[in-house]
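Below, chain A partners chain B and then partners chain C, in two separate complexes.
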Partner chain A sequence: MDISLIFAQFLSGLSRGMMLFLIASGLSLIFGVMNILNFAHASFWLVGAYFCYTFWYLMQDFGFGMWVSIPLAALSLAAIGWFIEVVLIRRVYNRDLPEQLLLTYGLILVIGDLIKLTWGVEDKLITRPPLVARPVFFFGMPFDSYFIFVILVGFTVAVGLWWFLKKTRYGHIVRAAVFSREMVSALGIPIPRIYTGVFALGLFIAGLAGAVQAPVGSITLGMDMAVVVQAFCVVVIGGFGSLLGTFVGSIIVGEVYAFSILFWPQGALVLIFIVTAFILIVRPWGLFGTPMRA
Partner chain B sequence: MKRYWWLGLIFIGAVILPLVVGEFWVHVAVEILILGLFAVSFNMIFGYMGQLSFGHAAYYGVGAYATGMLMVKASVPLPLCLPASMIAAGICALIFGYFCVRLTGIYFAILTLAFGQLMYYIIFQWYSFTGGDDGLQGIVPPDFLFGATAYYYFTFCIVVAALIAMWYISKSPFGYTMRAIRDNADRTRFLGINVRKYMLINFVVAAMFAGLAGGLLGPFNRSIAPDLCNWHQSGVPVFMTVIGGPLGFLGPIIGSVIYTFLMAFVTGFTEYWPLVIGLIIIFVVLFMPGGVLGLAEERVKIFRSKDVKVGANESEERESF
Partner chain C sequence: MKKFKVMVIVCSFLLIGGLATIDSSLAAEPYHLGVDLAITGTGALYCKDGVDAIKLAVGEINAQGGFLGKHPIKVFIRDTHTKPDVAVREAKDLILRDKVRCVLGTYSSACAVAIKPVCQEYKVLHIPAVSNSENITKVNFSPYTYQVVPNSYMQAKAVVLGVAELAKKKGWKNYVTIASDYEWGRSTQQNTVKLLKQFAPEVKLKKEFWPRLGETQYTSYITAIMAQKPDFVIGSVASKDNVAWMKQAKAYGFFEKIPYPGSLISISELIIQAKTLTRGLVGLCRAPFFAHLDVPMMANFVKNFKAKYNRYPSDWAVMEYDAVYALKQGIEKAGSIDTEKVRVALKGTTIDTCRGRLFFRCIDNMLSCSSYIGVVADDPKYPFPIYHDVVEVKGPDSWRPEAEIVAARAAKK
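== the complex of A and B ==
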């Protein structure tokens, strides 16, 4: 096993990790701010992928089709998120945990069938534009150039979210709302609107993640189920509500997957769970989380 | 004892049921019993321990595979397979539960879900051992249980025995310790009770009954598939319990009756059952908090058992701590 193989595996793990980060960061953001665990997050991710396919399909005569479809899909998901928050999620803020979880669980079932009804059961494939169609070579090892794009998007979103939460006025409001809803609303800031915005932002990132995933391989039904549990592992490892934790957790899970596939292909997922369980014993609130709320 | 006359009515109704309805509805009744047992075992964790498990299907699936594989690959008779299912599910729960009981609330839900999916992937990918996504076919019940009616009575006896066992557990000092942990784990700890140990025992016992429910399923369907362990399946007892009411012992059974009847009815004319049940779940959550038993409690006196009221008050108190 030489250095070039290690480097290639590292890069593929990084791109996998960034994909997980895109999914997990929205999940973690929504949970951290609204204290609602969105089970259906990966379903929205899959919807994002299908939206990207549809937009690309409509514009496939143009060379730039895919590059435009990705942001369009993300924006569509943000609109859907806005609608779902106002119509459904808003009504269960003060409910018990099982009812909140059941609501998003119900959404999974509904979305799954709606996807089937809208796009059918066949796999969908997006033809990549020439820029990212051919592999690039590092130390003589071929590497999918599209994954470079995935890594770039992941880093951009990470920096963008960090900048938004730490540097902007709205980010400050969102972070303040995590600590005390009452205090923030006493200052005259409408909490429901903040929550709607956060949910829409979370789904925007989920849609972006789905759209970025779409050209990687074919889009298949049930793809969301495989990814959502890994996203949960990421947030559990990193600590709920922590952006840095989610970032580090994604890279850990991505790299563990990429390297264990070399030695024990069937056990890659099992190994992720072992890592998650180990971290939970040492630090039950995750690597960067704060000790849990009751 | 006078309060329980309606239980006797249900019992008699259940015994004569196969004599008055057609074979299709006997099948539905078997399914109600199996899923009801599954949901009541889930409620041991949810209603009595106060933790939401979203991976309970893992133990259901392990139980189903234990019975299925013993019957198909080793030709072990069914009465021996069922205890084996309970033991297999119990061992599995012992390993997973060891980690899960360290967490509470939403973290507990996530970790049980993650372990549930782990079990699903193990069964799904271990092709040589479990048959992967092909599932397991040809799980034929013994001759004396071959017909739908015979299997119904067999299931009925086992489910009733299991329910009585769980009822005694819930009324035992152990059951009241679980309620104490649910209502205030810290105070229970101050009494010198090892909370984690008790939670783990409860988790394992609940999983064993889920395993028993799973074991009953294989010979009934003649086949099993890894989907039994899946996340979707874990949501089923959650929904049944919420719709039936978690604080009454038989609440999940009522949920099972409602769910299974709906499924039998809806799948008759559309393949989009998830869409329908998803919409129903969303509707119930938005407009029927407390479930059917919650509604019935307000109207009908017989459902107003003492335990339900005490539990309801205590759970409100718990919120304020």
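== the complex of A and C ==
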């Protein structure tokens, strides 16, 4: 087995991992800061893909259509996130986990029907611009150039989130709120506003992930259900609420999947669940989570 | 005496009135037709066309008074979400609540296999017109199930006949398969591999790849397949998965490097990927309208479908339309909407379809419909590529021999 193939498979796993990171990081962020397990996160991801399609459709005659549609979709989701946090999520902070799950599960059904009403049930397809419609070659092996873009977006979001949480004042407040809402509140910092911002940021990333996914294949109802399980595997492996954990978990899942396809194609998905189960047994709070959260 | 006369007159009026009421209620009895299709989920791409075609057929028949000119059709449409458990739940609901006499469907063979025993239990006709695993009619046979789509064996054999020919010409020695990991994908892949062994024994299978149903990213599969350096690849991936697979494979230059003959490229894919689909691919489809425009029923259907929906019909539309008209002809032959009579009438019968005059084979109620292989190429008549050099492999030339079906059923027992 030559190095070019191993590298191509590594890149392939990395791109899958980055796609998962984009989905899971928002989920993990919202849980880490707000203690809300947003079951509907993947549905928002799907809405992001549909928004991207709509913006692209309006600008499809222009070469930049897809590039502009992706951030626009993410911003639209941030606005939706802000609205939903204020109207719905805020009301369940002090409720038990089952009630939070019920609310976010209800959102899945509502979003599914709203998508049907808005975009119909037909598949939507975005045509990629020529720049990312052809392969690039590494050591003679082709690789879909669009996935280079996916990897870059994944790393940018990871670095951006790290910078935001570690280097900015707002990020410090957010991290402090994870450990003690009361103390942060006692310092005169309005916690509800922080939560609204975090939820909007989480959905911004979900929208970005959906928009980045949109040109990969077709956009259709039910796509969200296919990714939600793997996204949860990622946050379980990495540790709920840990950005670094989510990042590492995504890469583990992506690479395990990619290389098992190479060596044991029948067991690709099984291996991911075996890894998840193993980590749950050995370290229930995940690789980079804290026992407190377990 | 006068009292008696009055009573006779009153009774006569009541009797006549009663009979008239019974007669008119019979005449007005609507035919409840259930549709259990994947309006959402992986199969949505194919099923929207199917539903539209059913509505068109029902509209045409109702314009003539309904079945037998007196039973207007009332359609009940349900969404399976492409999930077998939901398909079963909806089929039961259609039967028990909406009192349907026939369930048309289904996308995903897993859904079709799941609702087959439900229809049999409640003695309701079941006509799969999209899903095509041969297990729908081969084993656990239900006399209530009639299949109007070329099944996975027929399609596999059609591909194999074409591929065996190409393998000889080009000296191909090995291949890999990629198939969606569910009932249809497994069934089609297994049939293809088995038949290739029979018709081209010199060609060896190198590796199998099984992406899950609903897979969105195929990059790892593409590089892994390319690493195998196969002479050709056989694919059994359908609907939106197929769109994602082909779109990503194309971005790798996959189709320029490795021949990919005989994969499912239905009219839906030809339309949706009109701009991006690689020309020159050898594809397989189930009911391309352009192959039968010489059949008046097809020509009318295409004209009416296009007029109503402003687009060309896909394979799925053609087959669902044929399913409604198969039912109509069964009812006409039976002279009744009674399910038992219709079921018996359909047995072995010859019907007019958009694809010509075809018959149901008695042993498995499989329609003698063809599979179609052709080369994807542009055509000035259509805003999307169609198949050129179409090879039509007839049903009786491609379906599984009856002896094998008997053996399979015996083994199952």
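Just so it is clear, the second predicted complex is superposed on the first by the 287 of 294 C-alpha atoms of A that agree within 3 Å, B and C clash if a C-alpha of one lies under 4 Å from a C-alpha of the other, contacts with A are read in each partner's own complex, and residues count from 1 in each chain.
The rule is short, and it goes like this: a residue touches a chain if its C-beta (ideal position, glycine included) is under 8 Å from a C-beta of that chain, and two chains touch if they have at least 3 such contacts.
Just so it is clear, the structure is predicted and the values come from calculations on it, not from any experiment.
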Mind checking chain B and chain C on superposed chain A, clash or fit? clash
Identify the partner contact of A:V121: answer first if only chain B is touched, second if only chain C is, both if each is, neither if none is. second
Contacts for A:R193 in the overlay, against chain B (first) and chain C (second): which applies, first, second, both or neither? neither
Partner chain in contact with A:S15 - chain B first, chain C second, else both or neither: second
If you stack the two complexes on chain A, which partner ends up touching A:K166: first (chain B), second (chain C), both, or neither? neither
According to the stated criteria, A:L109 is in contact with first (chain B), second (chain C), both, or neither; which is it? first
Quick one: is A:A133 in contact with chain B, with chain C, with both, or with neither? Answer first, second, both or neither. second
Touched partner set for A:V229, first chain B, second chain C, both or neither: first
By the touch definition at the top of the document, which applies to A:Q266: first (chain B), second (chain C), both, or neither? both
Intersected contact list for chain A, partners chain B and chain C 112, 116, 225, 266, 269
So in the complex, which bits of chain A are touching chain C? 1, 5, 8-9, 11-13, 15-16, 19, 112, 116, 121-123, 125, 127-128, 132-135, 141-147, 213, 216-218, 220-223, 225-227, 257-258, 261-262, 265-266, 268-269
Can you name the residues of chain C that touch chain A in the complex? 39-42, 44-45, 48, 81-82, 207-210, 212, 214-217, 219-224, 226-227, 240-241, 243-245, 247-248, 251-253, 272-273, 275-276
Quick check on the complex: what are the chain B residues that touch chain A? 46, 52, 54, 99, 102-107, 109-111, 113-115, 117-118, 121-122, 125-126, 230-232, 235, 238-239, 241-242, 246, 272, 274-275, 277-282, 284-286, 289, 321
Using the touch definition from the top, list the residues of chain A that touch chain B in their complex. 31, 37, 88, 91-92, 95, 97-99, 101-103, 105-110, 112-114, 116-117, 225, 229, 232-233, 235-236, 240, 266, 269-270, 273, 276-277, 280-281, 284, 292, 294
